[in-house]
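The structure under discussion is supplied below as structure tokens; questions concerning it will follow.
A, B, C and D are the chain letters, set down in written order, and residue numbers restart from 1 in every chain.
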Amino acid sequence: MYKPLILRSRGATIGLTLIVLIFLIAAFAPFICWFDPWDYSSTPLQRPSSVHPLGTNAIGQDILSELMYGARTSLTFGLSVSAISLLLSVLIGVYAGISGGIIESILMRITDVAIAIPSIVVIILVAAYLQPNLFQLILILSLLSWQYGARTFYAQTLSLKQRGYISAARNFGAGNGYLTVKHLIPDLYPIMLAGFIIRARYAIFMEAGLAIIGIFDPTTKSLGLLMHHAMEFAYMGTWLWWLLPPGILLALTILGFSLVGYYFEETIDLRHRSMSSGRF
Amino acid sequence: MYKIQRKTIAAMLLLIMAVSATAAAGADMIRIADPSGDYGYPTPHGHYSRGSGYIQMSLIFDTLVWKDADGFVPALADEWSYDENENAYTFNLNMDAKWTDGTDFTAEDVRFTIEYFKEYPYLWADLASVETCEVVDDNTVKILLKELYAPFITEIAGSMPILPEHVWKEVDDPANFVDERALIGTGPYMLEDYSREHSSYLYHANHKYYRGEPKFEKVVFIKAKDGQVVLQNGDADMAPVKPEAIETLEQNGFTAVYGSCFWNHKLMINHHKEPFNRTEFRQALAYGINRTELVEKAGRGYGSQASLGFLPPESDWYTDDQPAYAHNPEKARELLESLGYQLIDGVYEKDGEKLQLELVIIAKETKLAEILKMQLTELGIPTTVKALELTTLDSQVKNWNFDIALSRHGLLKADPKTLINLLQGNTSWSARYFENEELNDKLEEQLHEMDKNKRMEIVHEIQKLCAKDLPAIALYYPDYYYAANDKTKWYFTKEGIANGLRLPLNKLSLVRDSGELASPRTEGDAPEESRTSESASATETPMLPAPVVLLFIFVVYLLRR
Amino acid sequence: MLEINDLTLQYTADFVESGIIRVLDGISFYLKKGESIGIIGESGSGKTSLGMAVMGLSGGEVSGEIRFGGVNLLDLTDEEMRVVRWNRISMVMQNTGNVLNPAYTVEEQITEPITKHGLDSKIGAQERASLLLREVGLDSDKLNAYPVELSGGERQQVLIAMALANDPELIIMDEPTASLDVLTRRRILGLLDRIKEERSLLVISHDASTVASLENLIVLYSGRVMEAGKTDLLLKDPRHPYTRDLLRAHPFMDTTKDLQGIRGKMPTLYDLPTGCRFSTRCTQKIAICEERPPELTGCRVRGEDGSQDGDGGTYRRIACHRGGIHTLLQVNSLNKEYQNRSRNRSRTVAALNDISFELQVGEIVALVGATGCGKSTLAKVVTRIFKPDSGEIFYDGEEIHAIDAKRFHKDVQMIFQDPLDAVNTRFHVLKIVREPLEIQGKIEKQEMIRKVKHTLDEINLPSDDIFLKKYPHQLSGGELQRVTIARALITDPKLLIADEPTAYLDPSVQAKILKLLMRMQNTRGMTMLFITHDIALARKVSDRIFVMREGDLVEQGVSSDVIYSPKHVYTKELVYGAEGAAGYIYKSIRS
Amino acid sequence: MFGKRLIEYVIAFMALIILNFVMPRLMPGDPIDAIYGNELVALTPELREQLRAQYLLDQSIWSQFLHYLYSIASGDLGYSYAGKAPVIDIVAGALPWTILLVGTALFGAITIALFLGIESGWRRGERLDRYLFAIFSIINGIPGFFIGMILIIIFALNLKVLPAGGAITHYAGYTGSEYAIDVARHLILPATALCVSELSWIYLLMRGGIISVINEPFIKTGMLKGLDDRTIRYRYAARNALLPVFTRIGIQISQIVAGILIIEAVFTYPGIGYLLHDALLTRDLPLIQGILLIVTISVLAINFTMDILYPRIDPRIRHV
């Protein structure tokens, strides 16, 4: 029986299973939950019961429903940030790599400077002034996390440029646009995929981190915010069913993405990796 | 190699044991914890403007009069009287009072203080109403007012710390005067240490305190994120806690100190804008909002519905003769329909335009906002919530660039002067409502009405007008809980400390006789309390060595292998 | 000193059906003190694993014996083995980019084994390091260099210096000359020569010229020894088909024939053939080759003069069921006379005069001689067209006249000089090519057409129906000759006799046809007797050259020997006379 | 090359300075409100005028900017009206505690992570490695604060062996070794939490590094030389795997900063992180700006130092 390559690695299989499960929870949250997470009609601060498997929060909302919807926001956030920053990385890296000359040096200098800037500082500073909403936060974080990827794609483009088929295509009179679309981008797909996974993990973790220190759109429900609110009551014994579940779900999500990420990192030999696979 | 590793681990564990075993304990000391902790240098100009800063300062500097749970009590002034003819207050000063450097306290110091604060204004004592201060003799001062000014005792005599003339007369930059001499006061305690980075204060008793020996040798203020944790951990004797924690804490031998109606969640309404400029609309909102539910949910039941005349029922100045706006959606609908709105598909419309509100809040108030949003939307007024950074929110509110906004403020149980700040002040939490001439007049009038009963009537009128016009909708008063062990008896001060501070940290609790005066104990109380504390320590004692024993067993196990 | 007995190395792997990857299989050899030995083989043959196994670092399951100084190294504990390493046996790893620790200087890396093994103090070690560097021909200022600062050659020198550090008795060198330029390579080889004077040396290489100066040579294939013996003998006269093929693929300076790869691919280690490892690529395999692997035994050796002579097998051993390269065709004392009837005088002309030779499986032998010297006669005798007057011809051990005609002609095919003459002009291509099959019979028509098409494809001719229906006059000379080649190949012959196959073609077509023939010979593993008058051509295509003159076989030998040191006067004439012609041919091929 | 790197760092620094400068001026309303606007601070008109003059708000944006640069250069990071002290003083008071906490935790984290990473990567696939890898992969997904809270709940709240927060027992009258033990007692939980949360990713990085060099030929060379296992593991594998790991640590310094911020907040540890956390809660913007500026300078300085040191440590970089 045919078995996809990725399922032959145990780690990657576990990772993929986790991601799929969490995706399902997030996608089908409205059908699974028997409470609207915004509905505050229950008694606040209930202990877990058959009606509320994880109890209720401080204003009587069902924590389990919050958790599922929270996973939704967190995933949306992570994947959006990942997609946008990946897009920026690819655009800048490939464009710099293929253009050469002054454009290359300008873009790569900008990238180097961006790498030097501690992004957490910028995020806190901007958030302190703007109290950004979900969409703005996605943009800010994307704008602050493209630089490492840009380096990778730049390096990859440079090495791909040396390949024979690129020279051959140039010989046939292909322009940069053609080369990028027909050769470079498809060649970069595996790295993009790995980058996407790694970045998504980073962004999901970042969401939690930011929400915990109070920098996240408070009108949404996310895993980080759930923990942020839970922390307030953590020492009253509620942490077991209020703080722990989102923590575990977050850890599992990160673990899922990590495992799949490791698989890709190992599979695609990223020898010239300058890509940050880290969380921040 | 593995042996070496095991030994290293064992050594580390032993170190942890050694370190863990030493526990801190203080005898004649009381430790008070608070989540914010740092209140600045405890001099009038040095402390942070927040109320807690004033508390710190009040330990060192006494005022002329003070308050306890039941009202005014003498402080530096033994007694005081008002002379209607002169429009002046006369204070007889306590002759036992001494500055902590040994100098006698005299009437000159009072006169000097008033002049000094006129030159270097102090946020907590607005001296605009004071004409001059005359020293009658060493023990007597007379303060003449420019005009009739009802809140004088609360706001000036009860709030203004008296400074030693011989120290401060040379000081022209009081905010940066952080000399040891800046800490010379007449109060019950003296500052021994203040650490900004740890946000901690250490005071020791002023044994020459003119109202008797202070109850504690040392008073410590520390910062702690969660009151329950430090209390249970034995790191503090008193701390603010969550209402839900009270039960557990009481089982552990702590007593709850409970206060309500000092603080207010309020819905600001842009009454400069259609349709909010219509009183009926605001009234419809007031009927439409289920404030009981807000208390139940946002306040988790720990709080009470706000009265729409702003002053809480617990205030002496409160009247129940005002519209209460009990939750009544039908009435709200009626009012809305009277304005020409029609309910179509669950949404109110007028002239084809759907009603749509934006509620701006700061992040902290999300939960409350969520509930409000649902309530209004259910009523037929779809509402969206937008969280803003505080300054942006304030700026938008101040520039009337909003629909409705959540706001919060305190000073509710203070002197009714607070109503002026609430309704016509220049802050972002003021309704800045000047439309109603009658209200404007009454607000001015009560300030100068020296007769308490007459003033009371005017204040009642004001509340009625407020509740009718609804320049803003007061939502609910959250309750405040502190927990403390039995080292002393804590209480919430009547009308709040000084200008109305909602803290239970009255310095009289730290001074033996006045504390007992304020709340005389019944005979049966004392043994009961001592018993609880004993049982508490009995349950705690075996807890300490348990992990140590476990660790020790583990170490032995590691070494044996 | 080093004696390896029945060394087997295998790894367990769960992704393989058998669960086992056998890298080395029953290796035995010995190396006396002060001797040197080379191990050659293609990459993946297990050379490096053998070195690692000796060092005790191969991992996997090792069985057998590795006796060093009387002690079986396999019995030693890790600790004991650690002392052996570098102190008694050191190994120079293949010189790749990261073979030296990039983080330390040359000096640190050379002194490290000295100090770590406690042989000398740090200062003493440093002195020795600088001495060693000079010994291998490097300036001592390289001591402070980091590996990245070294060129490939310098790195090799440092590696050797490092290997000498603890003064070991045996040094194993893995590919010491790989990827070096010619001059550096010569320097390193010179260094090897010096080293082997003082200690034992085991050199692993895929490159026969690197090990040419060593005393003994072992040929390794898929983890088994194929052939072993004295280096000079083995290189000059390989007896194992694999050794021959390996050497054919190697560009020796004096090779005349075009380089040829070994046909097929090496079997993967987890899917080894049950019989002889080389059987999948061997040109002379028989049933037993696929059944069980051959033992390494002594074999006969051909003497300098081409005569046979046996050697006890101590210095020359071979693992082949057929005793080494098999003789396909053996011709003994062949005589043939013509009655030349002209001017009423009949004269007896000796067309073949006591001709004896052998053709071995998989080789190309060029038969060179002037027109009328008896080349074609010989061809016709060998193919049973003529009968010899006397003498014997054995094909695969059987007298050819005793062999069934169909079987014989299935195995022995011929290509003729004039293609137009050699085909029936009324036949179209399909008919021409399938004719031998029809003659052989026992084959379905569809299968026949498939075979024809396949063969045409193989020799780069169109195989569409239009081409199949073409007649000889519609084809060019080159195409027609290819058609005849296809016809010859369609029965899968073992012996192909090509009689001046390019005589009627212009040089550029000739070159293509020759390339084609050589390719077909290589992929099909045929033996080829290539008859030509042009010694320059013979030089390029053949492994051996026979020179004929007026019915006499005056010289036979390895192509390079014949070309570079012709012995017979006639051969010399041919060679010197051909120089101009060769130059001409060369030019025309290039153009 | 250093020149080029230096210029990049200067540009990065300037970019943050400009951001610091521009943000309050981009906000709606008076920049003074944006900088000092806080409901708890009463801004008298006089004070407002004084501040306007101080920030040269009546002058052109350029002279404002130059003035801003000048004040930063002279160590004036502004004045915290909520804290009633110059920002630089407040930050200076908190900095030593952060250094103590971060120093202990990172020293522990790096030492343990490198040790475990090396041992685990070297034994790839063995039981020890599988367990460690699984454990740290999971921990890697757990936010640091979470670990911190669980430590508090176990050790402070239930077992009551260690304090739940703060850096010292206030006014317990400890001196000398008693004081040191007290500081250590307070340090254990936050340092452990920070250590564990940083440990996990450094471990994963180091393990990956070892695995990527384990098949390099120089490892074999080392074994052939008859060196003992530990020498090969540390001098050969770890030494070469370490360098990229350190670069990555440099890159991820932002993460460490965030970790510190969160841990200090959870443990009310009186360092820069908690200060920032408080400043964020009270919206003490001058303090936020000042802290972030200090953090930026530290991060840039650390990264730059690493850039300079890196080629000295890694000969491969030096000669590229």
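In this section, a residue touches a chain if its C-beta (ideal position, glycine included) is under 8 Å from a C-beta of that chain, and two chains touch if they have at least 3 such contacts.
If you're wondering where the values come from, they're calculated on a predicted model, not measured in any experiment.
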Chains contacting each of chain A and chain D, listed by label: B
B-D or C-D - the one linked by more C-beta pairs in contact: B-D
Chain whose averaged C-alpha position falls nearest the assembly-wide average: A
Interchain centroid distance [CA atoms averaged], chain C/chain D, Å: 66
Inter-chain centre distance, chain B versus chain D - centres from mean C-alpha coordinates, in Å: 35
Distance between chain centroids, defined by C-alpha means - chain B, chain C (Å): 98
Chain A and chain B: spacing of chain centres that average the CA atoms, whole Å: 43
Contacts with two or more other chains, residues of chain B listed in rising order: 226, 229, 389, 392
Residues of chain A engaged with two or more neighbouring chains: 128-129, 214, 235
Residues within chain C bordering two or more other chains: none
Contacting chain pairs - touch in the sense defined above: A-B, A-D, B-D, C-D
Chain B-touching residues of chain A, taken from the complex the two chains share: 38-40, 44-45, 58-60, 128-131, 133, 214, 217-219, 229, 232-233, 235-237
Of chain A, residues touching chain D in the complex: 109, 112-122, 124-126, 128-129, 148, 205, 208-209, 212-215, 227, 231, 234-235, 239, 243, 247, 250-255, 258-259, 262, 265, 276, 278-280
Chain D-touching residues of chain B, taken from the complex the two chains share: 16, 18-20, 22, 24, 26, 29, 31, 36, 38, 40-41, 46-50, 121, 123, 175, 192-193, 196-200, 202, 218, 220, 222-226, 229-230, 232-235, 389-392, 394-396, 398-399, 427-429, 540, 543-544, 546-548
Chain A partner contacts - residues on chain B that touch it in the complex: 226, 228-229, 242, 244-245, 248, 296-298, 300-301, 362-364, 366-367, 369-371, 374, 385-389, 392
For the chain D and chain B complex, residues of the former touching the latter: 27-29, 33-34, 37-42, 44, 82-85, 89-90, 93-94, 97, 152, 155-172, 178, 181-182, 184-185, 188, 265-266, 268, 270, 278, 282-283, 285
